[in-house]
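Input: structures, listed below.
Common to both upcoming complexes is subunit A, partnered first by subunit B, then by subunit C.
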Partner chain A sequence: MSLELLVEAVVSGILLGGFYAAVSLGLSVAFGLLDVPHIAHPTLLVVGAYATYALAQLGIDPIAAGFMLMPAFFVIGVGLYRFYHALFERRGGDIALRGLAFFFGIAFIIEVVLILVFGVDQRLVEAAYIGSSVQLAGLQMPSRMLIAFALAGLLTLLLSTYLSRTFTGRAIKAVAQDQTALALMGADPVRIKQSAFGIATATCAIAGALLIIVGPVEPGMGRLYIGGTFCVAVLAGLGSMKGTLLAGLILGITESLVLTSLGTSWAPAVSFGLLLVVLAIRPSGLFGR
Partner chain B sequence: MRNWSRFLIGATLSVLLALGLTRFVGNEYFFFATYVVLQFIVLATAWNILGGYGGYVNFGASAFFAVGAYCAVALTQSYALALPLQILAAALVTGLLGFAVGALTLRLRGIYFSIATVAVAVICETVIMNWSFVGGARGTTVLQPAAPAFFSSYTRLLFFVMALLALLAVAFARFVETSWIGRGLRAIRDNEEAAESVGVPTLKLKLFAATASGALMGAAGAPFALYMNFIEPTSAFSLNYSVSALAMPLIGGSANWLGPVIGAILLAGTQQIVTVTISSELNVLIVGLLLVVFVVAAPHGILGLWHKLVARGGQRP
Partner chain C sequence: MVKLSVNAIDAGYGAVHVLSGVSLEIRESETVALLGTNGNGKSTLMKCIMGLTPVTRGSIVLEDDEERIDLTTKSTQEIVALGIALVPEGRRLFPKLTVHENLLLGAFRAGARTEMQRNLDRCYAAFPVLRERSGQLAYSMSGGQQQMLAIARAVMSSPRILLVDEPSVGLSPMLVKQTMDMIGTLKRELGLTVLMAEQNFHETSRIADRGYVLVHGQIAFEGKNLQELLHSDLVKRHYLGA
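Presenting the complex of A and B:
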């Protein structure tokens, strides 16, 4: 591989990695911090993408639409967590199996609803920055990937500041460490977890907007992102926001290098192969708590 | 002992029934549809050995199914092996794959194990996609040979073979469940550390369960290409197999060998009817709804509901 090609691959890998981090941040909170086997997370991303599409049809800019959808997604997340908590966490039992089955069921139901509402065709949005590209230091970079990267950085910064500076944020970190201790301090762990799950779901609104900005979406797309998002969340060491960004970058760069050297058909194996290696060598992730 | 003799009689009768059906049922579609139900009985029963008894949730059943199918295709392409040998070879290869997955349980528990199995499935799919000898991403056509004299069509033969496989799988699961192996696996499911400390050979049992479960799933997939006359990676590795393999025991009840059978008949049967009469999108919805409803309302499946009902009935004067 020539040096020029290598640099190009790394740069586009970094941009792709930012995008991967953005779609995985919510899972890092839901699965990493709260231990919820949230396999429906990628499907919620697709919901975010379709909601953005619906708003874009009304003439709203996709990124603005993503931000506008956040409150609604927060409420959806709170509702979903309350349901999950009442059914599984309070009852106890085999959460790994039944929780997974539950979220898989939810994902399937959402998928069919999307098909019924929007049809099976691919959908995309239009905006001035989607088709264009920027020339930087002799490298051609698509602006939509630059936007994805910038938004991923912004989201990571916001989330990690929120988690380390605010009262609720710290309580969320505390509930991940020791739920009983938190309850003894007078905070209600369920309410804290509920708002954390709400925040995790709210990130799906923006990440979903990015999803449809980066490329066309179709209802079954969530399945493709199960591997990538879980790979990033586990690689990040469960619950670290900066770790999530770094893990996204690692995945993005690896995938981009494989893409340039071996061809597109090997790309899907990259995220999962990386995940297997991480799970086998260091299950607590690279930047673990 | 009495139970085993009853089971043997039931099994013999089922074989005769299956054989009789191939002679006397005229409708070809009957065999086409029933084959799928039987295939899911094998898949669900195999899944339950590791997932239901041992508590290790394998989310990559499609990997074993498809690798079994492709194994058979590769052998047909190169050596034109007979069907039973294809099935045996497929079971051997997927048994090895199962052993490898079992080795993952050394370090991974709960959802991490499940995610690792998803990873295994996607990696297998990618390898097959890039393997041009078996058709790569485009797939390949596999022609059914002429049916042997006894069967009037090849689909009928496949139906009978799958019926035998289903019986074998169920008998094996029943053996595991009633023997010390099953007791050991249940101990692992309930508390692995405690089981280990009282002398249950946890590693051996997990490896055994994973290998056996994988081999049976591969055997279920082996005749797939012949059944479809065609195979391509996306449909062979369909998420549907992974989810069904787990949903069926959950719906039927995963503690007993009968649970996966009931679940498979119910779910696969409904899906066959729905696909023909309404649409295939509805299939996905049905699986989703049933999963949520059962996990929420009947955590121990239909058998659990039944036992509850019987227990309540027994209390009445």
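Presenting the complex of A and C:
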């Protein structure tokens, strides 16, 4: 591989990595901090993408649409967690396996609903920044990837600040470690988890907007992102937001290098391959405590 | 004036009855000891007061001037909000959070947030080692330091009544002594009312004003002063094994 090609691969990997971080931040909260096996997270991203598509049909800019959808997604997340808690978590037992089954089912139901509402065809949005690119230091960079990268950075900063600076944020970091101890601090663990799940789902509004800005979407697309998002959340060290950004970059660069050197048919193997390597070598992740 | 009274409570887990007809009283600025060996119901009583274990009969009443509040109908959050804090058995720190984060979580309740900085300064002044190790993860500290952190975290909630469940467990005799002294000092400096469950009779007697002995889930003895308790035949037989 020539040096020029290598530099290009790394740069596009970094931009792709920002996008991977953005779509994984919510999972770092739901799975990383709350221990909820939220396999429906990527499907909620697709819901965010379709909701952005619906608003874009009304003439709203896709990024603005992503932000506008956040409150509604927060409410959806709260509702989803309440449902999960009432029917599964509260009853104890083998919650990991039953939770996995629950969220797997939710993911498929959502997918069917998306097909019924929007059809199976690919959908995309249009905006001035989607087709354009920026020339930087002799490299051609697609504007849509630069936007994804910038929003990933912004979301990471907002989330890590919220988690370390607010009372609810700190309680979210503590809740999976010892619920009884948290109750003794005067917090209601179920309400804390509910807020956290709402926040995790709210990130799917922005990340979903990015998903449809980066490329066209289809209802079954969530499944393609299970490997990538879980890889990033685990590599991050469960629950670290800055770790999520870094892990996203590592996955992005790795995938870009593999694609450039070995060919695109390897793409699906990269995220799961990296996940297996991480689980074998450093299961606590990069920033694991 | 604040007074906490436990009135003839029964409690247990399913078919197992742990407490039967237990009554005791803690008055403002007292240090009351709850003595007994393992498995006699000390921790269960603490959990009943905090609303973590349901009470099947009797009442637990917090009297605050003219107000009487039955704690058995309140949630743990509401009980904490009334200014009652528990240093739980086994410390129950947040193991993968730092010392500092553990302390800040202690100030979660609405009434403690405005006093967070003042309480933090107090805790760091009382336990300088916690300030030195404020960035360290809780699980990586020694048992004695973890106990200090657990006590400091409870103090962060600005409690009026502090419940301490077996602070001496797992500590060396010297650390037990230090921990007792620290509880005594904090109690005086912050004007706390303390109920402490302990097995270590002698160390507890140094700081406690009065005590109860719990045997098989019942109050077997109540003493105005602990010397009287120590010399009672009942205590010798049931507790000291003499």
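Here is the rule we go by: the second predicted complex is superposed on the first by the 289 of 289 C-alpha atoms of A that agree within 3 Å, B and C clash if a C-alpha of one lies under 4 Å from a C-alpha of the other, contacts with A are read in each partner's own complex, and residues count from 1 in each chain.
Convention: a contact is a pair of C-beta atoms (placed from the backbone, for glycine too) under 8 Å apart; a residue touches a chain by one contact, two chains touch by 3 or more.
Keep in mind the model is a prediction, meaning the values are calculated, not measured.
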For this session: Quick one: on subunit A, after the overlay, do subunit B and subunit C clash, or do they fit? Just give me the call.
Result: fit
Exercise. Now for A:Arg223: first (subunit B), second (subunit C), both, or neither, which partner does it touch?
Worked result: first
Problem set entry | First (subunit B), second (subunit C), both or neither touched by A:Met68 | neither
Exercise. Which partner does A:Leu184 contact after superposing on A: first (subunit B), second (subunit C), both, neither?
Worked result: second
For this session: Applying the touch criterion given at the start, work out whether A:Leu275 contacts subunit B, subunit C, both or neither, answering first, second, both or neither.
Result: first
Exercise. Looking at the overlay, does A:Arg170 come into contact with subunit B only (first), subunit C only (second), both, or neither?
Worked result: second
Exercise. Which chain makes contact with more of the residues of subunit A, subunit B or else subunit C?
Worked result: B
Exercise. Is A:Gly105 in contact with subunit B, with subunit C, with both, or with neither (first, second, both, neither)?
Worked result: first
Seminar exercise, completed: Shortest distance over all C-alpha pairs of subunit B and subunit C after overlay on A, integer Å, is 19
Seminar exercise, completed: subunit B and subunit C footprints on subunit A meet at residues none
For this session: Using the touch definition up top, name the residues of subunit A that touch subunit B in the complex.
Result: 37, 87, 93-102, 104-109, 111-112, 115-116, 223, 226-227, 230, 234, 265-266, 268-269, 272-273, 275-276, 279-280, 283
Exercise. Can you name the residues of subunit B that touch subunit A in the complex?
Worked result: 51, 55, 57, 59, 104, 107-108, 110-112, 114-116, 118-120, 122-123, 125-127, 129-130, 137, 239, 243, 246-247, 250, 281-282, 284-285, 287-292, 295-296, 299
Problem set entry | Sites on subunit A touched by subunit C in the complex | 164, 167, 170-171, 173-174, 177-178, 180-188, 289
Exercise. Subunit A touches which residues of subunit C in the complex?
Worked result: 50, 52, 75-77, 80-81, 85-86, 88, 92-97, 101, 104-110, 112-113, 137, 153, 157
